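Input: one structure, supplied below.
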Amino acid sequence: MRFLLIEDNQALANAVIDRLCLDGHIVDHSSDLETAWDFTSTAEYDLILLDIMLPDGDGRTFLKKHRNAKSRTPVIVLTARSEVSDRVGILDLGADDYMIKPIDYSELEARCRAVLRRQTGQARNAINFGEVEFDSLAGSLKIKDKRVKLRTKELRLFEVFINSPDQIFPKSQLLDRLFPYEVEASENAIEVYVGRLRKHLSGSNVSITTVRGLGYKLEIL
Amino acid sequence: MRYLILSIVIFAFATSAKAFEIEDRAVFGEMKDGPVLRIISTADINYFTPMIDAFRRFRSDVVIEYTVASSTEIMRAVYDEKQPFDIAISSAMDLQTKLANDGLARKHSSSLTQNLPDWAVWNDMVYAFTQEPAGFVISNKILEGLQTPQNRQQLINTLRQNPEIFRDRVGTYDIRKSGAGYLFATQDARVSDTYWRLTEVMGTLRPKLYCCASEMIQDVIDGNLAIAYNVLASYAEKSPHSDKFTIILPSDFSIVMLRTLLIPVSSENPQLAAEFLDFVLSETYPSGVSPLLKTRSLEDATENTLYRIALGPGLLVYLDNFKKKNFISEWESAILQD
Amino acid sequence: MTHPNVRGSIRQRLLVMLLLSAAGIAILLYAVVQSVAKQVVQESQDNILAASALSILDSARVIQGEISIDLPYSSLSMLDSVIDERAFYSVRLNDEFLSGYEDLPRIANLSDVTEFQSASYLGEGIRVASTRRSFTTVDGQVYLEISVAQTLTGLNKSITRISQISLAIGFGFFVLSVLAAVVIARSTTKPLHLLTRSVSRRGPSDLRPVAAPVPTEMAPLVVSLNNLMKRLQNSLSRSEDFIAEAAHRLRTPMAIVRTQAEVTLMRIEKEENRQAIREMIRAIDETSRTAGQLLDHAMVSFRTDSLMKETIKLDELIVDAVHRVSPISELRDVEIELQTLDKVVLAGDPILIQNAVQNVLDNAIKYTDADTTITVSLVRGTEFAEISICDRGSGFEKNEIIHLLKRFERGKNASGVVGSGLGLTIVDEIMRAHDGTVSLQNNKGHGACVILSFPL
């Protein structure tokens, strides 16, 4: 996906960009409203991540202008301010959702997906890999006209694999990508989810293979 | 005192040290310890006995002492000597009024007195209990064949046209001697000046002047008088010889005298006096049961020819020295023409 | 809601003052009417007395050098025409008594004008009119003096009647004044009531100055009120700004560290290092969550202290909150099921109540077992509306239920779950501010229920 990150703290911005790129996203960054406005008028974004406190104004003015311009690009506000006092105003001004810093990236992904799912008329964002057509927004796999609905964790896991086919992912890394850090989970859980995905993929030329001692990878047989 | 040399009649008693004179006295009931009601009155004992008896039927314990005196003597007894009378009854309306006006009568008011007609009460002190009109008393024998005069004008004409009949045979009060005569004369003169013409006509006939009504009536009965003027009808009616004369209440106007009673301030038994007063009024007023309030002649008279003498300070005017002197001298010049 | 220190009432004070002055005026009216009427009555009596005295004087003439008086009947009868009245007179030539009542009080130094005096005679009060005229007789110039007097029965009767009438007038005036005073007092305090109503009708965040027209006398009050509201608004926004600023200062660096740590975690292979960074991320999460809740708590305390209520549709608020947490619950494969959802409208601070519901939902998602369903329901009873949020976790330990609502207490089963222990405290404070309660229950066998109960 293509993100526009509007964030004036350079260090935080760099970190976020790095983190999103690891998931295979493309991120444009602007540290003020004026640049952000230039970006939105020249490029199409799937999602805008907007900070509220900016050097040349309040993020809310951008929101207002953005909505007035009838742009359909969803906006998720990243705020460090108090949730209580700001959230009503933010949602009323047309933000699709908001998150409080520091950001839990698995939650961000979940919220992005929820927001995008709510968008109607958006062209399907389907990826074809081998005989498998993957729709991340719908959370479904299509194999030879047979559509399978994935559960959240299965979807998330498949997303990790399909964003980097043929790359070997160690179990521990998958664990970190799949579960929030606050939850203590064992590597067995990964084996369970991998088992479920393999079941869905059976009958196609795509499979998750075990690279002994290293981890798993997605490949076309 | 060269302005005024008067034979002071009225106020003379004011300086008199003499005790008042009585004419008669009667006591009803036995003088014991019971309450005594003392009445002083101008009316004869006989005249008032029925009323007293009626009262004593209710209050047999009350002893009533009834004293008869002339109106001037009543004045002396009550006004000057402050004799302890409980009731004063008099036909002299002017003197009764003066007693009340000068503060010698006690005020009395009851549910009974409040319902009396206005003319019958003055100042809650003087109460009228009779109406007695004055009229002509005409000898039936002497005036036989003549048309009976019905009013003063007719009387004047009759007198003028028949001097031979009436010379020396016309009688009226000597107003210098009779209080009642003076009262009638002044009221007559007040209402109409026919009075003065009548007096003048009478003056030409050498009239006889009387002190008292009874004597006048007697002379009519005896044939000494053809006509007596201004005689109380109530007196005449009671005469045993009433067939000898005719009483005429003048149709122009009849002076009506009110006999009154009052409670002197010197009363020693005012409560009993008030009780008696209420009793008399209750006997006389409601539907005219009592013979005292109505006379036979009144029954024929029409109300609008009756001229009741008004109780009140107006009567004091004729008690005034000057007034009296003037009136009498005028009267004298009319009636004494010889 | 604190009750103001009430002493007295403008309306009552106004009413009392109006009534007192009305009573004063009524008494004055009574006195004036009576005295004027008395004067009029006295004058009419004097006129009659004067007419009487003059009529006597007129009847006097000099005949052959001597004074003669012919007292007219009407001179005394006129004194008695309406009401029985005792009458007295005296006639004097110079100082010599001629006729009438010799001891009738005289007026000293009589001039040619008729004069009057009140006196007492024969035990009763009287009014005397005296007049005189000069005559020329054989003795030369003499004065004939006439006094006429009358008792006061009629006068006193008239005065009694007038007293009654003036009393009635005074009383009538007072009664009308009472009615007027009530109306006036009501209309005077009306602008105050209007102002009160317009201020109390306002929404919680409406701190605009009062713009409605008010009478001059109330202008200073409105100015002070407007100033107060301005200061309140300033202090409100300052407090919120402070909390927002503090949050920003805390969270931004933590966000950097966390993100960097996560990026690092993905790049390193060595399991021991990974474990260390995982611990670090977890610690950061816990710290930032605690900071967030502390700030939330400060905000909640601030808002509950000056609670501003508006109408809330509780059912819609719950739907919104569930919607908001659904991405997180999905992340854990936890379903949230909305069961009974009665329509409930109540007055409260929507931000606070939203915060409370969200806190409970966050807890439920956090503590429930994976692949379970959280049930949410809103039931409207006769006296209470109850929000129940039940999870399928391990539930509360029975003896710690009371302590859980205290600051920084965490359940014994919370080990391994990031949390500050402030969540339920915040919920409890919010509920108390709304006269409601939080109760914690264990589901039979498995899971816990948090019940938020609002009075209706």
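Going by the order they are written in, the chains are A, B and C; count residues from 1 in each one.
Operating definition for what follows: a contact is a pair of C-beta atoms (placed from the backbone, for glycine too) under 8 Å apart; a residue touches a chain by one contact, two chains touch by 3 or more.
In this text the structure is predicted, and so the values were computed from the model without any measurement.
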{"item": "Chain separated most widely from chain B, comparing mean CA positions", "value": "A"}
{"item": "Pair sharing more residue contacts (C-beta pairs) when B-C is set against A-C", "value": "A-C"}
{"item": "Intercentroid distance (Cα basis), chain B paired with chain A, Å", "value": "142"}
{"item": "Cα-centroid distance, chain B relative to chain C, in whole angstrom", "value": "83"}
{"item": "Intercentroid distance (Cα basis), chain C paired with chain A, Å", "value": "60"}
{"item": "Partner chain C, residues of chain B touching it in the complex", "value": "2-4, 100-103, 121-124, 190, 310, 312-314, 316-318, 320-323, 326"}
{"item": "Complex interface listing, chain C residues touching chain A", "value": "240, 243-244, 247-248, 250-252, 254-260, 262-263, 265-266, 269, 271, 274, 278, 281-282, 284-286, 288, 292, 295-296, 299-300, 303, 324, 326-328, 330-333, 350-352, 354-355, 366, 416-418"}
{"item": "Touch list for chain A against partner chain C, complex", "value": "9, 11-12, 15-16, 18-19, 22, 53, 80-88, 97, 100-107, 110-111, 113-114, 151-153, 170, 172-173, 176-177, 180-184"}
{"item": "Chain C to chain B touching residues, read off their complex", "value": "66-77, 79-80, 84-88, 91, 93, 98-101, 122-124, 153"}
